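These notes open a run of structures that come right after.
Next come two complexes, and both contain chain A; in the first it sits with chain B, in the second with chain C.
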Partner chain A sequence: MVSLLLQGLALGVLTGGLYALLASGLSLYFGVMRVVMVAHPAFLFLAAYLTYTVHTTLGVDPFLALPVTVPLFFALGVAVQRLLIARLAPDNLAMMSVLLTFGIALTIEGLLGTIYTGSYKSVSMGYATKSLTIGGVHLPYDKIIAFLVAALTLAVLFAVLVKSRFGQALRATIQHREAARLVGIRTERVAGYGFGVGLATAAVGGTVLALITPFFPASHWVWIGKLMAIIVVGGLGSVTGAALAAVLLGVVEGLVLVTVDATWATTMFYVFLFLTLLARPQGFFGGRLAHRF
Partner chain B sequence: MARVLKSLTITSMCALALTACAKTDEPGTAQPAGQQQGPVKIGISLPLTGDFAEPGNGIKDGYQVWADRVNAKGGLLGRKVELIFRDDASDPNRVSSDYESLITQDKVNLVFGPFSSRLVIPAAKVAESYNMLFVEPAGAAKEVFEQGFKRLFYAAPAIASDHYNYLADYLIKLPADQRPKTAAYASLDDPFAQGTAYGLRDKLAAAGIKTVVDEVYPPETTDFSPIAAKIAAAKPDIVVGGTQFEDSVGLVRALQELKVQPKLAAFSTGPTEPEFAAAVKGAAESILSPVGWSATATFTGNQEMIKRHKEMFNGEANEDTANGFTVGQVVEAAVNAAKCVDATKECQDKLADHIRQGTFDTVVGKLSFDDQGRPEQAHMIQQYVGGKVEIVLPEQAKTADLVYPKKPW
Partner chain C sequence: MRIASRGIPLLVACLALAYPWLVPNYYLVYAGALTVMYAAMSTSWNLLGGFTGYVSLGHSAFFGLGAYGTGLLIVRLGVPWVAALLVSAVAVTVFAVFVGVAAVRVRGASFVIVSIALVSMMNLVVQGWRSLTGGSTGLQVPSPFPDLHRGQTHIVFFYLFLALLGLALLSWWYVSRSRFGAGLRAIREDEDKAESLGVPTGAYKVTAFALSALFVSLAGGLYAVWFGSLDPIFVFSILIGSYMVLMSLLGGVRHLFGPLLGALIVAPAGEYFLIALGETQIHLTATGLLLVLVVLFMPDGILARFTRRRAGPSIPDETAEQRLQEVTR
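Then we have the complex of A and B:
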């Protein structure tokens, strides 16, 4: 039993790391623009499909698709923000953004279905089904890789947000848009780049997903609930909060799975979501609603 | 008021004109009294998008190949067949309204069923309320047959709980020293997937093979490692998955990663899809699945269907194609025997009675049905042997010997 708990804990931490990567973009959009981006998982799978294409046509390791997908997604993000999100009326931005991005998600799903057909695609690498065994606990390589990629991506994201001038401008925009504008920050442009950075994380997340799970055009729907729960528990707009909540929920999920069952494990996301909304609607790790990293 | 009258007049004039046009457009062809003119319209709602998009489109292909074959032979009772498709996006609410409108608005002559027990039940309720015959390609869960439907028939060899019957017999008859002693089951929370796994579980448990893990996971499960960890801890002799595609791949990968090496591994749906072997690489070897159809079988119309499917869609026919095609074959035989094809209660009852009593030659073999519309045959068992899919059970259909214990993955 102890070894099973340890195994559940180890898998939970690794999966939580992946969740953190997948949810970070969502948290960023909300922080910068109060945009509820329902299409984020759809973009994850768009990236997974592009990774699949690069991998199958060029025969290279899926991670070598990143130099293509990351800049592409950054540009796509800036375009989506400039051409679509920026045109929404500011008074009901949160609600309208849900409708708009829902439409974007359906469009992506439709496009993927048309181009790639509805059949399952997968990227199977030899190293993805082996595992490292430490003291009876098996750590699958694909999960270790996912965790490391997530950690690296989040570290880069934090460094950008904290150290760079762009990051400071972005954080200023998040904290107080008008004040930021008064000190000369071009908040519109910053918001566009912020959206681009969010989608760039989706490019990385999609590549990792392609490696660990088979996918088809409608795969994204199962993710939106989980990721939304994570960013609400973590505190909307707080990237650190989202990361901590992701690991916490990953561990809870892993432990409940090995001790109780899978249905309860999935339910835990929504149990935590409800508890958070009841006890601390601003989220457990963020400060005031959506005003901090 | 005047405006209402005016628009009414216009509407009725248009309606009259349309009727006149309809009559003049089709001269000649005198039909027997009581039958409609024009093509035989068949209404079908399928999950062409959403969770079941993949099998939904496979079944659509099967229906189309069947319609093409029938039309090439001159149609049903001399009338061309026209299929009207709706996309229910795998949504049980949409499937109901689709059939409602196909029957009342499009005035179809016949309906064919959708994919998955979850959609078949609401769809069959609508069909039943309009006294329509409802032959369906994919609603094998036992709940489907417990709703009291009188015109529903499942056109495949076996219901879910009978899928593994041949495998159960095989395992129970093994000599005592080779017989597995413990078994682990993991199943998707879906009536069909659970039905298949539990059919095997109950038969093995009754024969003294102990159930050591019995997990159910919801459709939104994306991570199968912890389930595999539970199975690893129990060290079972055999692993059985009540699965669809994604979770069969997820489970196989996770079991491999956690170094579970059972003597036998069987998964319901997933290994039967052509994408499976690529998705799990070499791990497919020795995996077993129940399968309702085989590309190598010489059952009535099978090779013709495979050939025509290739010409029409430039791809390989699969079990879903065969299931759709089978529905067509059963209904076609009933229509030819009953000599009617309209939506009236008398005609639909005649068709249903014929199907209940008859035996039908189809691409999945001979089919007959019990009072609740359940097919009375069993599924074959396939296995990956040397990288190829072979039929290993039953004896009379096999193309290779069953490999047991399985090769390590």
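Then we have the complex of A and C:
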């Protein structure tokens, strides 16, 4: 029993790290534009399918697709913000942006289904089947790699946000858009780049997902629920809150997964979502909005 | 103008009643029944969305619960289908009150998240509870009219859905003229101000939520006995929920006949895409693109183009005051 719980805990921490990466993009969008981007998971699977194509046609390691997908997704993010989100009227932005990104998600799902059919696809590497055993706890190598990639990407993201001039401008835009504009920050441009960075994290996340789990075009719906639960529990717009909530929910999911079953493990996300809204609608970590990273 | 506004609905109603006898084949009767079903659901959706501005993408949760409730009562307990339909609709409405209490605590984007979560959760529960619901293989519901052939059944259900649509339209019309409706509109315009003026916002929102869930679950129950087989992935799909939103927005959420008009465009278009493009999933892309275009270029709907009265955006969710509070907090 103890080793079972340890197993669940370890798996939970590993997947929680990945969740943190995936949810960080959502926090960025919400921060820079007050937009809940429902299409984020759809872009994740777009990246997963691109990885799949690169892997099956060229036969290279999935991670070698990253130099292509990351800049591509950055550009896509900037385009989505400039061409679509920025056009919405500010007085009903939150609701309309959900519907708009929902439409984008459906569009992507339909295209993926048409090109790749609705059946499961997966990218399996030699190292994915092996696992590391420490004290009776099995840690699959693919999950470890996923965790490391997620941790590395998050570290880079934090460094960019805290150290670089762009990061400072982005954080200023998130904190107070009007004030940021007054001190000479081009908030529109910064918001566009913020979206780009968000989608770039989806490119990394999608590649990792392709490696650790089979996927089909409609799989993004499950992820919408999971990621939304994470950012609500963490507090909308807070990257730190999202990261903490991601690990927490990952661990809860892992523990329920090994002790009960997969359905209940996924249901936990919604249970936490509803409990959070009943007890603390602004989220448990990070407060109302991200004031710092 | 007055004659036109009275005459056109009357003419349309007559045409609708005669529709099954005007079309050349049963397939078109089937497509007609499906369209009327969507029209009834989007009109019901608009009881919440149109008045209060709360956008629920998860109303298919109530559709699926109505369908499964009716189906399970018939299959597992042998309840007559009409009783099963009504009992499950009441049960779903009670459930919607409980969900509503939690859901309407949050505004704007968070409410949409909750609504998406609701339908995902229901889908998981129904698929996971294999012993009761049959899991992902679905549930088979016997036909209530074993003597009729498939085509005749389509005609019967065409009229049943038409009756439901009439009921939903009547409710919307009645609410729009009532004090309750005025309160809901006040919530849409400025919830905090409405609250301070003495509108019981919480109770009003929950009532609107439950009322719209009631009609949607009735549509789900009718769908269950009409189709005879329930697939959890379809009845609890976010796609059905998004159809309700798309139809209402396209037609115009501020108008009685807006969602109906939207349904008359979107539902046949969806069926057409399904037939013309076959098994591919490109119809999802078509729906998605349509939604993007409507949100970007016609958020007030088609009917708003024809009426001169225009007062602000259709769904405001953040007032200047709220923003000020946010900044100064």
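One rule holds in what follows: the second predicted complex is superposed on the first by the 284 of 293 C-alpha atoms of A that agree within 3 Å, B and C clash if a C-alpha of one lies under 4 Å from a C-alpha of the other, contacts with A are read in each partner's own complex, and residues count from 1 in each chain.
Here, a contact is a pair of C-beta atoms (placed from the backbone, for glycine too) under 8 Å apart; a residue touches a chain by one contact, two chains touch by 3 or more.
Given the structure is predicted, the values throughout are model-derived calculations rather than measurements.
Asker: Check chain A with both chain B and chain C modelled on it and let me know: fit or clash.
Answerer: Clash.
Asker: With the two complexes superposed on chain A, say which partner A:260 touches: chain B (first), chain C (second), both, or neither.
Answerer: neither
Asker: Touch check for A:160: first (chain B), second (chain C), both, or neither?
Answerer: neither
Asker: With both complexes superposed on chain A, which partner does A:134 reach: first (chain B), second (chain C), both or neither?
Answerer: So A:134 meets neither chain B nor chain C here.
Asker: Is A:113 contacted by the first partner chain B, the second partner chain C, both or neither?
Answerer: both
Asker: With both complexes superposed on chain A, which partner does A:7 reach: first (chain B), second (chain C), both or neither?
Answerer: A:7 sits against chain B, while chain C stays out of touch.
Asker: Using the touch definition from the top, say if A:142 reaches chain B (first), chain C (second), both or neither.
Answerer: In the superposed model, A:142 contacts chain B only, not chain C.
Asker: Taking the superposition on A as described, I'd like to know which of chain B and chain C A:91 touches: first, second, both or neither.
Answerer: In the superposed model, A:91 contacts chain C only, not chain B.
Asker: Which partner does A:124 reach: the first (chain B), the second (chain C), both, or neither?
Answerer: first
Asker: Taking the superposition on A as described, I'd like to know which of chain B and chain C A:214 touches: first, second, both or neither.
Answerer: first
Asker: Just which bits of chain A does chain B share with chain C as contact spots?
Answerer: Comparing the two interfaces on chain A, one with chain B and one with chain C, the shared residues are 109-110, 113, 118, 217, 222, 225, 261, 263, 266.
Asker: Once bound in the complex, which stretches of chain A touch chain B?
Answerer: Interface residues on the chain A side: 3-4, 7-8, 11-12, 15, 109-110, 113, 117-122, 124, 126, 128-131, 133, 138, 140-143, 212-214, 216-219, 222-223, 225-226, 253-254, 257-258, 261-263, 265-266.
Asker: Which part of chain B faces chain A closely enough to touch in the complex?
Answerer: Chain B residues touching chain A: 48-51, 53-54, 56-57, 90, 189, 215-223, 225-227, 229-230, 232-233, 245-246, 249-250, 253-254, 256-259, 273, 275, 278-281, 283.
Asker: What part of chain C is in contact with chain A in the complex they form?
Answerer: Chain C residues touching chain A: 53, 55, 57, 102-103, 105-106, 108-110, 112-114, 116-118, 120-121, 124-125, 127-128, 238-239, 242, 245, 249, 280-292, 295-296, 299, 312-318, 326-327, 329.
Asker: Can you list the residues on chain A that touch chain C in the complex?
Answerer: Contacts found on chain A: 30, 34-36, 38, 84, 87-89, 91-100, 102-114, 118, 176, 217, 221-222, 224-225, 228-229, 232, 236, 261, 263-264, 266-267, 269-270, 273-274, 277-278, 281, 288-289.
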